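As written, the chains take the letters A, B and C, and residue 1 is the first residue of each chain.
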């Protein structure tokens, strides 16, 4: 295998069976050592134009130069290692925040503290054939959010900018 | 026969200036103040709309063709967006890293939202659903055509023709109709090739000249946003407005066949003619400029916000745009960074523009900046009277007093979705008398079905409900 | 055609320049397919030969001339230096038939002197006078008349007012307040000509705390300053996680002055909207201002809205898009290959195509429960996995092979093409998107306007740039009635 290292290292009598993904721009031309995210076996690889020119060769006892960004285990329902799993996968620095959710962020208030309809489920408010009124009647539809908003105003957590 | 005027005589009509006290006030005003008052950000809604009375059908998806119609809606046209029942535009199902949605998408799906990928491409529009495949719908569609000025569609060439909804048919129904097909390629060998923004960037050459050169370690680079989608959409809007102008005189519509993939080639300046004349294939030149030096972006040693939580601030507040290509500016720059030898070696622009010289110049700049933060660098240069500007991030754009005063960053109290920060519409251009405006960002799929089927086309509610049950609308 | 062979020794660029001319190295190198071939081999595949035949009959590029021009009679003045935004707007209006006059100072727009890497040998000579001009300037002067006028002189200002009194539109791209100080700004002209539509365009604005600046020595701000001011550069480029910082993993500008083009087209749109409002409703002109920073910001997707939602700062994602999967390019055997298809239907078709050559792909992608839902596929880890495996397929094949394979499955896919490949791509030659113009500077290959394919009023290129002041005689006579002697006087005084 090439842009992936499908690790078959024997661990406690059975093969590791972890797929380590070598992301294309980083590894397109690359030489060094990399660990398996699961069993931490260190492999030497030398890739040229995306091809594994040398390796993967085990390098027992060596510290890896890098780690895969992502790895998963096809035989175990695709159990996976996300990026930035300490000692296993490489952190991904260039992110929009210090963390990524990977799923919908439930947001009730904008960054200046005013209500925004960024959470689910929303109470029913449609009329005939899926039509919606012009306005969001937040006071009646989501009184709890409206109340929270009043509280934020009282606490001075709502601003113009 | 000299037409020179007698310098001793000053006639009031010769003066460009004021003719009344009110005008005098206006003429005395500092220019900045005059501009601010002329554009008067924040009060756009009180002024008339440019395209009042134009009605447009947007049978579109993604960004390219939707933006061509949204542009009209910003200018005051009434735009009806027609979407697939229940699902809507595919763009509603896109959101950065799957994280940001506004709910609901449609009344039947309270747990599904419209992703922020949909932002700004369909503003101020009415939302209708219709399945064009249903033969019964064709007549309904014709009704809309009779009441409208034109439409934009993006289906595979020939698709709407099969349903008798191409310009071939519609020009008979409404000779004033302006019909736009927008897609990837248009007639020709790749006519059935689909299209996306990124395909345009790749296929038309823009990617091949964007990014770091191979020797700098780089790859062909994608421009961040769907810039070719949006920019080609604007090309359509322009084509439509020119066609409307022509129609005012002649009463005749037209059909435009616009290929998005072509747009980036048109944006490539000297690239194509240079190839045509000399066979030279333009390459990537990273953060520098092929025609000006010094005129490029440099990496500074330190971030402006080393302790910030957000990695975008912590790691990337390190880049400055530096520009000093005219002789005195370049000389000044060399002295600020303590490299007068560069000025001695490259006193002429032509000399410092050579590739080897550029490498030396930017290398010297980055060495000088290696122990400085971004703002230390830009301050040092600005204080010396040289042009330099921090490469800003989105927080800094949000906090820009300049953009706030101009109203080009502002908060929208969206009637249906609440508090949304907005960077669109007003930023497209200030107009003193009939300005653009943003009324709402978007509405759920089919949100205006009754408004259009019943109120505009006179279809009984029971019929509308029946179609809805059958998922025809 | 008989081909003459000769031995050439190349020691410098000078030795090869003669051989690079279009006469010796013609475009296109190979002809595009014929209409007949396209109809029978392509259109018939979807039984669209009748419809597309009808389309070709009516919108074909070659039929543009002889059709009407949408903006015939519209008179436009354009004044500005250094930048492309105002020039692009002016070109767009001129392509649709407006009479556009570009005003330069008697010394010419410095843009005329710009040439890649300072190579004078890549400048083109006017065929009558031999005057040299940079290609970019020539390319961005479509259908425009070139006149000279020094608006720093009092007389020049008066001439400008006379010209503007006669115009429908003025496009101005001078530094903030420059025209106003000289009594030729909007507030002066609107009284002379109440119907005048006046559009200023620049980098960040002619007013406001961060308006456009000049350096101490008078140097202008030029693109990509606009792209730096609106976070566009911040979020373009490869992340440092894919390429090391300083070696490709940095915020990156566009190869071209992109904000100029984006602002320029919105200048044209706003002018057209103002024109409609004038003709239809008010009879009045108005004042317009479009900046590169803001017009480009308008189209930066959801970026600022996302910041307002939860303080997200859009990061660089290289050639991958964070919103759609698949939607990217990745390296392949001979370059880069772009693949797109996000809906379930297209997603599985991409998989079917790739697994034909690389069965492992089908297994690892289609079995994975985390990749089954459309939205969930946009998570970063899903992109990493999908694109690693896609590239595993691509590394063994060329762009053409990948394109053919993917098109068979009706996937939107395309190669990253270099400029020569763009000019020779069969579809582009067929329409043609690239075309030769017999210009004042000789054969000039240009990209056609995307609005050139229309039933009734196609936009078209008639000529490209002209030498400095070429049209002084004609334009000053037609617009303000100056005869040859008056022009000679103005010339002597240095006004034109």
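By our rule, contacts are C-beta pairs under 8 Å (C-beta built on N, C-alpha and C of every residue); 3 or more make two chains touch, one makes a residue touch a chain.
Computed from a predicted model, the values in this text were never measured in an experiment.
Chains B-C form the pair with the most C-beta pairs in contact. Taking the mean of C-alpha positions as each chain's centre, the chain lying farthest from the centre of subunit B is A. Rounded to a whole number, the gap between the C-alpha centres of subunit A and subunit C is 36 angstrom.
Between the Cα centres of subunit A and subunit B there is a gap of 30 Å. Taking each chain's centre as the mean of its C-alpha atoms, subunit B lies 13 Å from subunit C.
For subunit C, residues that reach two or more other chains under the stated contact definition are 238, 240, 243, 306-316, 318-319, 331, 375-376, 379-380. In subunit B, the residues that reach two or more other chains under the touch definition are 95-100, 219, 310-312, 315-316, 411, 419-421. Shared contact sites, meaning residues of subunit A that touch two or more other chains, fall at 25, 93-97, 100, 102-105, 107, 110-112, 116, 118. By the touch criterion given at the top, residues 25, 93-98, 100-105, 107, 109-112, 114-122, 124, 126-132, 134-136, 138, 160-161 of subunit A touch subunit B in their complex. Across the interface of their complex, subunit A is touched by residues 238-243, 306-319, 330-331, 333, 360, 363-364, 367-370, 375-376, 379-381, 384-385, 387-389, 391-392, 394-395 of subunit C. Put simply, subunit B touches subunit A in their complex at residues 95-104, 106-108, 110-113, 129, 219, 309-312, 315-316, 399, 404, 411, 413, 415-421, 443-451, 453, 461, 464-465, 467-468, 473. Against subunit C, the residues of subunit A that register as touching in their complex are 1-4, 19, 21-26, 28, 49-51, 69-70, 72, 74, 77-78, 80, 82-83, 90-97, 100, 102-105, 107, 110-112, 116, 118.
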